[in-house]
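Think of it as A, B, C and D in the order they're written, each chain with its own count starting at 1.
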Amino acid sequence: MIRFESDYAEGAHTRILKRLLETNEEQTPGYGMDEYCERARGYIREACDMENADVHFLVGGTQANTTIISSILRPHQGAVSAITGHIAGHESGAIEATGHKVLTLPSDDGKINARQVKELYDAHWNDATHEHMVQPGLVYISHPSENGTTYSKSELEELSKVCRECGLPLFMDGARLGYGLAAKDNDLSLKDIARLCDVFYIGGTKLGALFGEAVVITNGDLKRDFRYMIKQKGGLLAKGRLLGIQFETLFEGGLYDEISKHAVDLAMMIREAFVEKGFSLRYDSKTNQQFPILPNDVLSELGKNYSFSYWEKVDDTQSVVRFCTSWATKKEHVEQLIEDIRNLDL
Amino acid sequence: MIRFESDYAEGAHTRILKRLLETNEEQTPGYGMDEYCERARGYIREACDMENADVHFLVGGTQANTTIISSILRPHQGAVSAITGHIAGHESGAIEATGHKVLTLPSDDGKINARQVKELYDAHWNDATHEHMVQPGLVYISHPSENGTTYSKSELEELSKVCRECGLPLFMDGARLGYGLAAKDNDLSLKDIARLCDVFYIGGTKLGALFGEAVVITNGDLKRDFRYMIKQKGGLLAKGRLLGIQFETLFEGGLYDEISKHAVDLAMMIREAFVEKGFSLRYDSKTNQQFPILPNDVLSELGKNYSFSYWEKVDDTQSVVRFCTSWATKKEHVEQLIEDIRNLDL
Amino acid sequence: MIRFESDYAEGAHTRILKRLLETNEEQTPGYGMDEYCERARGYIREACDMENADVHFLVGGTQANTTIISSILRPHQGAVSAITGHIAGHESGAIEATGHKVLTLPSDDGKINARQVKELYDAHWNDATHEHMVQPGLVYISHPSENGTTYSKSELEELSKVCRECGLPLFMDGARLGYGLAAKDNDLSLKDIARLCDVFYIGGTKLGALFGEAVVITNGDLKRDFRYMIKQKGGLLAKGRLLGIQFETLFEGGLYDEISKHAVDLAMMIREAFVEKGFSLRYDSKTNQQFPILPNDVLSELGKNYSFSYWEKVDDTQSVVRFCTSWATKKEHVEQLIEDIRNLDL
Amino acid sequence: MIRFESDYAEGAHTRILKRLLETNEEQTPGYGMDEYCERARGYIREACDMENADVHFLVGGTQANTTIISSILRPHQGAVSAITGHIAGHESGAIEATGHKVLTLPSDDGKINARQVKELYDAHWNDATHEHMVQPGLVYISHPSENGTTYSKSELEELSKVCRECGLPLFMDGARLGYGLAAKDNDLSLKDIARLCDVFYIGGTKLGALFGEAVVITNGDLKRDFRYMIKQKGGLLAKGRLLGIQFETLFEGGLYDEISKHAVDLAMMIREAFVEKGFSLRYDSKTNQQFPILPNDVLSELGKNYSFSYWEKVDDTQSVVRFCTSWATKKEHVEQLIEDIRNLDL
């Protein structure tokens, strides 16, 4: 069984494991106050071209989302998100558990736009009973989205502009950020993201690390006391240097970009194979997740040798499924899959 | 200006004020442990035909909703509600502030049905990643709904049956319960409600009291330690007897039913006037709230002498508005409104 | 049985009931937007000599404490309070339910002082692991305290000075504020309190109102969006004018001061009677609560005709109890009690 | 600089790193559903002699404490803990952030006893106003405690008995559990702990793992839906197998016991060196943490070559400090320290 069901099926990139081994016996202070973390912060600030950004390392995505959102909002405020957003549906109520509603916007492809945010904002403030409703307090997006789609630079600029006009911090969940930056048609850089968002994170778990997300806070108003929040939400790893070592390795010599490109290239090969065979794609993803619409008997056939995720039912005969590649995906596995797609007897 | 904008524009029924005056100098224990509360509890248990029901008096609706829901749910569970439900949109995030998501079901008329609940329940438990999603933990309905509509006995029986099959306590918000019981086509009694729901409340604020909601817990599993919860959520009135005196008065000699009927009769007169004049109604409400769809110039004309609530835009020329009657509405005011509706120059 | 067990045993002052009756049929907007609330706000701003103070009316004390504290603190911050403070022990965990720890300071008499606050503040910030601990975020005091004691003007000035130096908003719980202002040796005015505190409330429930607390926010930074918070915490009374009418009546023509003085005068008579009989007082209270230390057989004897609260055990033969007077206490009841104290056969 | 300041200064035991390397390229399902986790669960159940125990792997201690406590308590309940307990002082308010008060008991040595729990329980339920106070809902202990002390079998049996009589689940924080089990005078086994506690965890972070805590739920009533809670609190690691691999390695062939013993043996050597030199110990710790009371000039002298933690001031000339050993401590470092202690010029 070859797994395309997720982008967290393997351990970590070899270089990371090697560094963990090399540094294993060193004694360092805990909780992210070591020199590895400090160096990793430097690399990330440099990549973002923002010397005064605050960089924190957290263990996982739920933690990052919860810590960031609850750190920013006052009790009567909510987080604006696409209805498809991870925080809206797949965090077991983690955001609500910190006291905040997720205010959802409709989305077909996982993205939201500046106009939607402005309309929701205006609708709130123009409602005579707005004090009886949850006030929008920040905007959450993910890039790539849950559906593999990405924001263009102009889209993000518009969204950022509206958010700043409305006083809504813009938070980008970058659990798969590398795969977005490596997308074929991407025109966004880390520098753009740092400039346009108020806070975002650079995913490690799905991009070569054993685990870990690097939170970057660019808006000075959001920096204060963030380490208390990390500790309170359970994200302050005792052996913080594990995170520092991993992100240092990822951002040294371009490893993060390189492995992201690897995954996206393989994903595009899979995409093309499905398209060539005549299948449609549910979302126009140029990143590491591909969502073909497949007849149920094709699912059964491919399911014999490959694992992938069931996404949603289309009708009685067809379904959307998800194939993921990652930094760890082997080219020969993709080639074998493509061969099997080509040979499908339709 | 004659106000039809809400059902809480006046003080309290004369009999209630009279009793507050008569008892004013008496000294009683606090926090609902007085004999007035005890007698009121007895009346309500009798009206519900349920001797072992627990009855608690709270100050208002937000409190009642918050206290009940947070008392029942475990941290990973949410409250299922119509998207139009009060807790979904008009409590400033009070439910989320206690840590719980409101899981919404679509609704055009403010009601939800047994099939919807079952489907949501099945969808949750059949999803392979259900542990990553908020688990449905109770079902919230209001009767009448936010839109003035009511549940028939058979509808409530079906809903109750599904809820019990799924292990989901059924909670009825009865902020306007009297108006539902007094609806023309109503076939539900308080006894039915007590039998079919696990917890509900009988609204006082909108039905003759200065303030107050009587929470009735019929499911023994939900009774434990409820007074702690009331205290914690700020609902345990020091001078609890004020609530006891009010509910005693409302449930002595049928006052609650009588004043509910008064409001509904007047609302039906308004309804008929609009219909006769050729206007449509947005919801088929047989209760004290009426939702005519009116041209904007009619709104301006009626707005000169009457206040009512803006509900929603239909198109550039028409809007839905809400006219409320209440226990306090004067018949001559309704007659004057009807006359003005008849004389509208369309 | 004559009740001295609490200061909320009766209904409301006659003038308040009279005004509720007179205004009962008037129609007003809800949620505190009526003219009675507006006038009451004006009276209170005038009494505080602070035109730009924000004044909000809430139903009760738990609500006021919860709403104010959760509105001010960020998630990692706590409220500093005397270990004896109401929020530390008698709110069923209401503060914690909003996510915040109560950071307690030792206190023998219910009060805390500037030095204690400064030491706690310094201890936090000087601790190398302070990010692992709850950060002090505001200071809560009550005046009079739970033990009937009061702050002098110089004590409050010192406390206020330290709080401002430390960036800690100072919040005064004034559930019994009138009785503090009426204390024999009091040198604090409402104007001083408004000047020295960042937010406080003027208790109504225990001082002539059926219920209600007037929250006064003097620090501009704490004003924003407070009405959302009131709604979310269940304190936004639909018939808000009930609160406006009550506070208007209390602050018109000095009623609040007058009834506070009445209660304190009677309490001092009780105090003297106990002292003359040779009993000690647990706290040096000059307000409406008196805490004599009495032999257990005296408790039995007095308990035949009077109710009072058990406070704490001293030893096997003696206990501290609490006698409360209030705006409603009848002088003849106090005289009868004093007579019975004098006639005790020791 | 040789570090004795914490027990999380190094990476992981070599055998663990080796296994992570060997398994790195394997593809497994996420979120703890892999075969490594399953095998590790089996080993732990076996070590606990409890086949039906639920075993979950979480990333860290704050998470474990927060997830377990918030999973058990209802909103009005609190966790009983020694005032010195980790959850009382060093989690940045993580417990309160889930809505619950920590109810503290005095403790000089980090432990609490059965009598204290019973008295607190009785005091609560005998108080006439108990509904206004936080109800004790579970008992939290740590073993070893924050002060290195441990419970004897008879102490734990008494505590467990009282907890069961009072209906209070007993939760043991075992962040350093191995070091407790390896203590010289220890008569408790994992089997005893599993039998006497309702839930506990076996620390990995401080005992040879890169990170990770194994939560063992033995009380059937506490098992339901625990994985939802882990996810919500951010503890459900995507690459869950990392935890499985680590705990499998630790519990295969007795590694956990072996490395625990190593640390404790070295700690006892340090202890003896201090005692022989004439210094007192603040706590009678037989585990990996030692708390000598040292003159300030000795601190300066030792501080030149060794790092240790400042614990508390004794007087102007003496302080308590903490020396930690761990699975990773080198014997030669300890010998060098002992030599330097012996050579101190007092």
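In this section, a residue touches a chain if its C-beta (ideal position, glycine included) is under 8 Å from a C-beta of that chain, and two chains touch if they have at least 3 such contacts.
These numbers come from a predicted model, not from an experiment.
Student: Between chain pairs A-C and C-D, which one is joined by a greater number of C-beta pairs in contact?
Tutor: Counting C-beta pairs in contact for A-C and C-D gives the edge to C-D.
Student: Find the geometric centre of each of chain C and chain D from their Cα atoms only, then give the gap between the two centres in Å, rounded to an integer.
Tutor: 42
Student: Return the distance between the CA-based centres of chain A and chain C, expressed in whole Å.
Tutor: For chain A versus chain C, the centre distance works out to 50 Å.
Student: If I count partner chains per residue in chain D, which residues reach a count of at least 2?
Tutor: If we look for residues of chain D contacting two or more partner chains, we find 75-76, 91-93, 97-99, 131-132, 228-229, 231-232, 236.
Student: Sort the chain contact graph into one of these: line, ring, star, complete or other.
Tutor: complete
Student: If we count contacts the way the header does, which residues on chain B are in touch with chain A in the complex?
Tutor: Residues of chain B touching chain A: 75-78, 89-93, 96-102, 128-129, 131-134, 310.
Student: Looking at the complex, which residues from chain D come into contact with chain A?
Tutor: Answer in residue numbers: 2-3, 5-6, 8-12, 14, 17, 20-21, 23-30, 59-63, 66, 91-94, 97-98, 205-206, 210-211, 228-229, 231-239, 242, 328.
Student: Could you please specify the touching residues of chain D with respect to chain B in the complex?
Tutor: 31, 70-71, 74-76, 98-99, 131-132, 135, 225, 227-229, 231-232, 236
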